[in-house]
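Across the two complexes that follow, subunit A remains constant while its partner is subunit B and subsequently subunit C.
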Partner chain A sequence: MNWQAMALTAELASLASLILMLVGIPLALWLAYSRRSWKFLAESVVALPIVLPPTVMGFYLLFAFGSDSEFGRWYQHITGSTLAFTFKGLVIASVLYSLPFAINPMVAGFRSVDQKLVAAARTLGASKFKVYSQVVLPLAWPSVVTGLVLSFAHSVGEFGVVLMVGGNISGTTRTLSIDIYDQVEALNYHSANLTALTLLVFSSLLLCIVYGLNQKLLVWGSR
Partner chain B sequence: MFVARVIFLCLALLLTGSASAQELKIAAASDLNGPMQKVAATFTKQTGVQLKFSFGSSGNFFAEIRNGAPFDVFLSADRSYPETLDQSGKTDDAPATYALGKLVLWVSNRVPGNLSSKNLDFLNSAGVHKIAIANPDHAPYGRAAVAAMVHFKVYDQVKSKLVMGENISQTAQFAQSGNAEVALIALSLALTDSMKKSGRYVIVPTESYPPLYQAAVVLRSSQYKQQAHRFVEFLRSPAGQKIMLEYGFEAPTVARAR
Partner chain C sequence: MSVVKVQIRKTFASTRRQPFSLEIQFSSPAGVTVLFGHSGSGKTTVLQCIAGLLAPDSGSISIAGQTLYDSARGLDHPAQVRRVGYVFQDLALFPHMSVARNVAFGVRVKGAEKQQLVQGVLERFGIASLANHRPAEISGGERQRVALARALVTQPRILLLDEPFSGLDDELKHGIIADLKRWLTDAGIPALFVTHDRDEARALGDRVLLLKTGRIAGEGGVQETVHAKSA
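Let's turn to the complex of A and B:
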């Protein structure tokens, strides 16, 4: 078992899912409640990573990170380094790639909050921010947890994008999924199997927790 | 009526498809991307046999073939993978060497300085932050790159700058996209238009790494063994070798004598 890759993957997924919570909660609130006519455009962009092959994203990210692109040059100018083959680059890629997995459950959860409660809070003089933080979020917290867990799990499982922009550097960009691929390539089936099995058990457990939690809350809620 | 016609058309297409199934599926090392189009055009014109290529790292194909991938011919970037397949009874006959690959040091136009054809000291230059090589675990050019860096005693200094491509094409692409300033790649890739436009190269001294003899095998599972052997023969014929030479390979005269 490659412990270094495991620690790296855990760090990557934690960072990505935390960033997704910071960015995702306000974005999901907006998507859930906004009445702008062009909201569908934002929704489509958020959902893109679900349908795009990771290779499309990896390809564009690689060129965006490169010093031939405006963004790449700007970043290099400011920080003195490039984003490709770095941990930071992978975090950015993971945030983009896991965005819908964080957002979609939260939007669904926020929308299912009883709007009468929201209206009541507003008529009692609560600010929009107060309504969101003290009425909507506490009522919809299972969906926030779902978004957090799903985006974490999805970041753990990311492969194509990492393969294309990671450069397979041990301790920096060699995540578990890349490590499994390498082991298979090098015909170390035993070691590949060990890592793969660990991931399988881990992912199953995570999903059981998410769905178990949701089911329990639903059953309780209907009582 | 219309539906019936469409069905008939589809059936007809299917039938003609299978009737002219004189098609060889070829697993080819990524460094062959350049010459194979021309090789295929010439070979198909001569024989009427179509060639369908998959490009990737030799190690990758080796693993796939061991697990029953349905290729007719395997063109490896080394000899060891075909030899191992041969020993495990997966091939129709012994591996035939068809080319000698060459490793080059490719440098982006963004990094100034003269390249020496005697050593790899350039890797230590100030402007070099990332060096792209193919993954030495399963790509022969990656192994050659590591061997050359060890030979010229720069490996330990530049180790932290290495980034690894899945195969030699992806390695070139890391450099061409401007993410790595330097790459150790196949001469055949350095000769492509896009690589020539964005950088320059110098051939790495051949004594610094074990020779990259590239061997071909016809796989035992092939249904078109006769055509497959014909293709390997063509590749080793003067006509085939002329194309290979054009795209940065050397004739494997030494290897053939072995």
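Let's turn to the complex of A and C:
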């Protein structure tokens, strides 16, 4: 087992999930409740990673992070280095690639909250922040947790985007899925199997958590 | 003196049915005014427009001398600043909060003063012993009292009641209606009460506005107007 790759993967997935929680909740609330006519465009952009081949997304992110793009040059000017083949670049790529896996369950959860409760809160003088933080979020929390768990699991298992954006640098960008690929390439099947089995058990456990939470949500809703 | 002045137009486009158009004008004094009519006559739409939950196409709404909506002046106060109490048909109690937290939700003061105010209201509405229960754990009649307490504790300019007693048996209903009438009189809060139940209208109302397909078809005292409608 490559413990360094495991620690790096855990750090990457945790950071990506944390950022997705901070960015994802407001974005999901907006997608759930906004009546803007162009909202479908934002929904399409958020959902793009579901249908886009990882290599395509990885290719464009690699280009964007490099010194050939405006953004890449601007970032290099500010920080003195590029984002390509770095852990930071990997975190940004993971956030973008896992965005729909976090957002979609959250949006569904927010939309399932009875709008009469939102209306009641408004007539009681609640600001938008109070409505969201004290009524909508507490009622939809299993969906928020589901979104974060799915995005965490998705970040752990990423391969194509990670390889394109981060390459395979030990201790910096070599995650567990890249490590399995390396071990298979080296015909080291026993070690590959151990890592793969660990990921299989881990993913199964996460799915149990997700479905358990959804069941709790259904029970809650029927009360 | 008129406490409520409403003059609104609102059209709902529909692809399947005839478009529904609401066009009403009324003013009502203090006390309880009943909006009486069949389902689909526009009663709830009127309440939603007054509460700021639905925007009329045009017109004006003022409560107790304060203009809440005036299309000519481009004035449209959002629901959260209108200070209009609303009791929904299904009550819309927050299921994840205790009775005490439901009642405290709209209270603006903080700390010990808030606690004292909420406790006083819980006692006045006879629900103090349920303070720590969730809505799912109490009876239908108790839930009605919680919903009324939650709306009235905020000292609203007006209380809007959207058929809140429809799920109760007669004995329970008349007990709550008698209490509500007393609470409204004590607090000096006017109310608009939507119903299609003649007994409810007689029990709570001081006067009646009769609604028919989005228009006011009659108005007057409860006995004569409701009797004329049923005749």
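Basically, the second predicted complex is superposed on the first by the 217 of 223 C-alpha atoms of A that agree within 3 Å, B and C clash if a C-alpha of one lies under 4 Å from a C-alpha of the other, contacts with A are read in each partner's own complex, and residues count from 1 in each chain.
Everything below uses one rule, namely that a residue touches a chain if its C-beta (ideal position, glycine included) is under 8 Å from a C-beta of that chain, and two chains touch if they have at least 3 such contacts.
Bear in mind the structure is a predicted one, so any value in this text is a computation, not a measurement.
Shared-chain residue A:171: touches no atom of subunit B or subunit C. Judged by the touch definition given at the top, the superposed model places A:123 against subunit C, while subunit B stays out of reach. Legend: residue contacts after superposition of the two complexes on their common chain; A:26 is shown touching neither subunit B nor subunit C.
When the two structures are aligned on the shared chain, A:139 is found in touch with subunit C, with no touch to subunit B.
In the superposition on chain A, A:212 contacts neither subunit B nor subunit C. In the overlay built on the shared chain, the residue A:68 is in contact with subunit B alone; subunit C does not reach it.
By the document's definition of touching, neither partner reaches A:53: not subunit B, not subunit C.
Overlap of the subunit B and subunit C interfaces on subunit A: none, as no residue is touched by both. Those residues of subunit C lying in contact with subunit A across their complex are 51-53, 78-86, 88, 90, 92-96, 105-106, 108, 136, 150-151, 154.
Listed in rising order, the residues of subunit B touching subunit A in the complex are 57, 59-60, 63, 66, 110, 129-130, 132, 135, 137-138, 162-166, 170, 173-174, 177-180. Partner subunit B is touched in their complex by these residues of subunit A: 62-63, 65-69, 72, 81-82, 84-85, 163-164, 167-169, 182, 184-187. Of all residues in subunit A, only 114, 116-117, 119-127, 134-135, 138-139, 220, 223 touch subunit C in the complex they form.
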